[in-house]
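First chain written, first letter: the chains are A, B and C, and each begins at residue 1.
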Amino acid sequence: MTDQDLDQTIRRMAQTPLSRRGFLWASGLSASAAFLAACGPGASSSASTAPSAAAPSTEGSEAPSASPSAEAVVVEKELLMYNWGDYVDPDNMKAFQEQFGVEKFTYDTFASNDEMMAKFQGGAKGQWDISAPTANFVPAMRDQGFIQKLDLPHVPNASLIDSAFKKQWWDPTDEWQLPKDWGTTGITLRTKVVKEDVKTWKQFFELAPKYTGKIVVVDSPDDVFVAPLKALGYSLNSADPKELEEARGLLMGLAPHVLALDSDQYNTKIATEEAVMGLTWTGGILELRDDPKTADTVYLIPEDGTVFWMDTWVVLADAPHPNAANAFLNFILTPEVQAKETMTNQYATCSSAAKAFIDPKMLADPAIFVPDDVLAKLEGQKDNSGIKQRAEIYEEFKSKIGQG
Amino acid sequence: MATTSEAVPVRPTRPPRSFRSGALTTLLVLPASLWYLILLVLPLAIVVVMSFGLQGKFGGYAPGFTLDNYASAFERLTPFTTSLILAFAGTILCLLAALPMAYFIATRAGSRKSLFIVLLVVPFWTSFLIRTYAWLTILGPDGLGGFIGDAIGDSSFRILGTPWAVLIGVVYGYLPLMIFPIYVTLERMDRTLVEASKDLGAGRWSTFRQITLPIILPGLITGSILVFIPLMGEYVIPAILGYGRVFLVGNQLVLQFLESRNWPEGAARAVVLILIMLVSIIFYLWFANRGRKTREVSVI
Amino acid sequence: MSASAEPKAASGLPAVAGAAGAAGAAEAARRPTPARERFGTLVEGWLRGHTILIYLFLYIPIIVVVIFSFNATNRRVTDWQGFSLKWYASVLSDKVVQSALANSLIVATSTAIISAVFGTMAALGLQRAPKWFRRPFEALTFVSIIVPEIVIALASLVFFSSSFDILNPIFGLKLKLGFPTIIAAHALFNISLVMLLVRARLSGMDRTHVEASYDLFATPWRTFWQITFPQLLPAVVAGFLLSFTFSFDDYVITTFVSGAGSTTLPLYVFGTIRKGVTPATNAVAAVMLLITLTILVVGQLVVARNARRAGGRSAATVAEMITEQSG
């Protein structure tokens, strides 16, 4: 396959949402691409990374073992991070600081991607080094100049990322972001009350009238559209006016039966049985499963498909401490560190090398580490903020909650 | 005043000033004026400019000129009326709750007045979110909501997710804004006037209406403005305690600026809201101050 | 705030005290009817009961917050899992929370001071200002309160960023988002707040005492500090308290105009809601409450002890005593 063909194929793939089959195919492609890149012309710097990529694992307690390249640069004494709250394990933060002599680790938080985006669009620049947006925001950040290309030679552990998460259409060249973790949006049930064998979004909508006033939905336009579009068999990123209109019908039918639109306390509502059915994420739900009082809680990935979201690490444009940023990125991808992150945050890692250090019980949990056959039905999230029809439908949905 | 006439030689009533009138006035209003100019007028100018613009490719603002945003600002006005109702109800409830309390602290608390006053705001030196979550527990199925539900035998009874929960949360959050203005006017009132009025045979209600009320009226007006206006923009309390079942102007604006990232449309809606409210306040003040002789005499 | 009793006492109220005493005697001759008296006690009881109820209303959630700070649970705050002090330990060792709290205190105190000073000045100056200035100024005051937070927050961010982009290269500065921008943005609303409170207090206030002071040859400066300002003090203090409170608790504006390292407590708390608010924030709140209430109680004791030691009684208290004795 010539370089040109490869290029074309990648560009074509970038236009379409990838399924799991796509992952595997792409990974085969990416392996050959990597090889070509390493051996082709203009690959002088990447050649030097080849040996270090072969020895990716580092022991946490050893001195700067990140990579030969890291030893050559001076890591600044400060790192500024702009992230979701509580999203990096504090022990890992401390270990990083000790290992690289980073005296000051500033951790500022945002509560939503939209807030982060508005902040950058409003003009905040040169403030932080690293951020962790959800993947579908990366293209917009890249095109508006908020982030800079990754300095991959200085982050050799980037090779530990499973190829399944590479060459996604939010970053076909994998130069702009590093996968952090990923998860799904699905259906949560209190099977104590909901005796039906719910398996699809379609059933979710059908059962809504029966459990009226006991349904909770996360307050997130992108996730809310997943349910009707998938129930109808369309892409969850659809911009087709007809398809969206059909989705609108389903949503307006659901709205009167919804108890609450809540992204933060839905797990509490499920726990107290105020809600017995929900369109939710896994946050807070997994603990309910483990608690004997609420052990009947079930989180399932609907068979008609759902979204997989991925959070990513990006380096911001004008990052004041680029070397510290690279050191951190490399550090966080070392398998033991990754494993600790996964176990603390309870979201699946994107690096199989870390799995060796993860509690087997967690590895076997289908809600976190989704089995491959289900993975095939997951669709990536696109940036749909520009589609006016979606915005209008969501506003209408929001205003009709619990009425009628 | 009778004590000054005989023994002391006549002095001019205008005291000598160390500054010229104008200079002192300018100095006094300068800081606040600068603040308004730099941090209010200029940012609002940006909002106005945005309101005529276009939505950027990735959301946000893109230069351009269109009146479409204002056209859509006048559509979907239901949240505005919902906000109005909430603001009215909240203000009246706050008034009812605040007035006796301000009266008690100002007149009956004696030397412990300051303590009582500070104790009013101490609860707010905890995080808003955890206070509101505490209300979720108190009013929820494990708390009052469940208790009442069991008592009346209705298992689907709920306080949370209803306008009542929202009003409780609103009064909880806005009460100091109503108490403080009433208190500072009440506290200044000379008790002897009330006693003199009673000595002259006036009943309690008459005394209140003719002596107390005119004095505290500015406080009542200020308090109602300080509660009503911000309440129009409120959206977090209804989202949490109202379970997001009430869709208000605040929700609408946040949706447009953050999730839809349609800044021009949000800006236009905001401009319209501001103008409507400003005109309303002017009318309200004119109406409320009609009967009063407000000759403003400078006290310095 | 009990200082406000002083000026009244100072400006020749022995005469009024005498009148009150005389009125007391007169009242003794005209006793209220039993019905009136009962109604009076009813009103008193209702006033007291209402106040107690509202204070309970204000503090019950706070008690709940403190109770749950001892929750041994690992995630959901309201899921009681046993008694534990671990969250207090966590707060004491968590640098992020501590820094957020410190930032909040710095910002709130600065905002409150700025707002109290400039707001009071503006209220005083506005009385002297001509109408052509007053009307637009008042309109701006209202606009600053009307503007929804998300709008002024975003607009301020754009304004600050654009201004810095322009000013920095020209003057070789390195202005950026941080504490000053947060304080400036908070102060906008709070200056208006203080101004409105002081104006309410000023309304109807006349120059009687001021004139009397000038008649007694006091300078304008002294007159202000000894006569006028004490009368304004309750409003200024109220404004300071409210400004501090709003600034401390603000989320929306702070989110947008803060820079790196200026995360405040509300920002930190809101940032954790996705993962789940832990009892750590309850512990922080409980600590804040403990410190504040301790200061208040100690302050109150100190004031009470000083009052007793000074042995002085204000003329007003004397008047009350006379009324009670003759009544």
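Here, contacts are C-beta pairs under 8 Å (C-beta built on N, C-alpha and C of every residue); 3 or more make two chains touch, one makes a residue touch a chain.
Predicted model, so just to flag it, every value in this text is computed and none were measured.
Seen from the Cα centre of subunit C, the chain whose own Cα centre is farthest off is A. Just to note, of B-C and A-B, the chains joined by more C-beta pairs in contact are B-C. Chain centres here are Cα means. That of subunit A falls 44 Å from that of subunit C.
Inter-chain centre distance (subunit B to subunit C, centres taken as mean C-alpha positions): 14 Å. We define each chain's centre as the mean of its Cα atoms; on that basis subunit A and subunit B are separated by 42 Å. Annotation for subunit B: residues touching 2 or more other chains are 133, 136, 142, 257-258.
Subunit A has residues 115, 118, 268 in contact with two or more other chains. Residues of subunit C in contact with two or more other chains: 78, 154, 158, 162, 270, 273.
Put simply, subunit A touches subunit B in their complex at residues 112, 114-115, 117-118, 121, 140, 143-144, 213, 219, 221, 259-262, 265, 268, 272-274, 383, 385-386, 388, 391, 394-395, 398-399, 401-403.
Against subunit B, in their complex, subunit C makes its touches with residues 1-2, 4, 8, 12, 16, 19-20, 23, 26-27, 39-40, 43-44, 46-48, 50-51, 54-55, 57-62, 64-65, 68, 77-78, 117-119, 121-122, 124-129, 133, 137, 139-152, 154-156, 158-159, 162, 184-185, 187-188, 191, 193, 195-197, 199-208, 210-212, 214-215, 219-221, 223-224, 228, 231, 234-235, 237-238, 241-242, 244-245, 248-249, 251, 265-266, 269-270, 273, 277, 281-282, 284-285, 288-289, 292-293, 296, 300, 303-304, 307. Interface residues of subunit B, counted against subunit C in their complex, comprise 1, 3-4, 8, 11, 13, 15, 17-18, 21, 24-29, 31-33, 35-36, 39-44, 46-47, 97, 100-101, 103-105, 108, 110-115, 117-131, 133-138, 142, 172, 175-177, 180-181, 183-185, 187-188, 190, 192, 195-196, 199, 204, 214-215, 218-219, 221-222, 225-226, 229-230, 232-233, 249-250, 253-254, 257-258, 263, 266-267, 270, 273-274, 277-278, 281-282, 294, 296-300.
Partner subunit C is touched in their complex by these residues of subunit A: 80, 82, 84-87, 90, 106-111, 115, 118-119, 122-128, 263-264, 267-268, 271, 283-284, 287, 291, 345. Those residues of subunit B whose C-beta lies close enough to touch subunit A in the complex are 55-60, 76, 78-79, 133, 136, 140-142, 156, 158, 160-161, 239-240, 243-245, 247, 251-252, 255-262.
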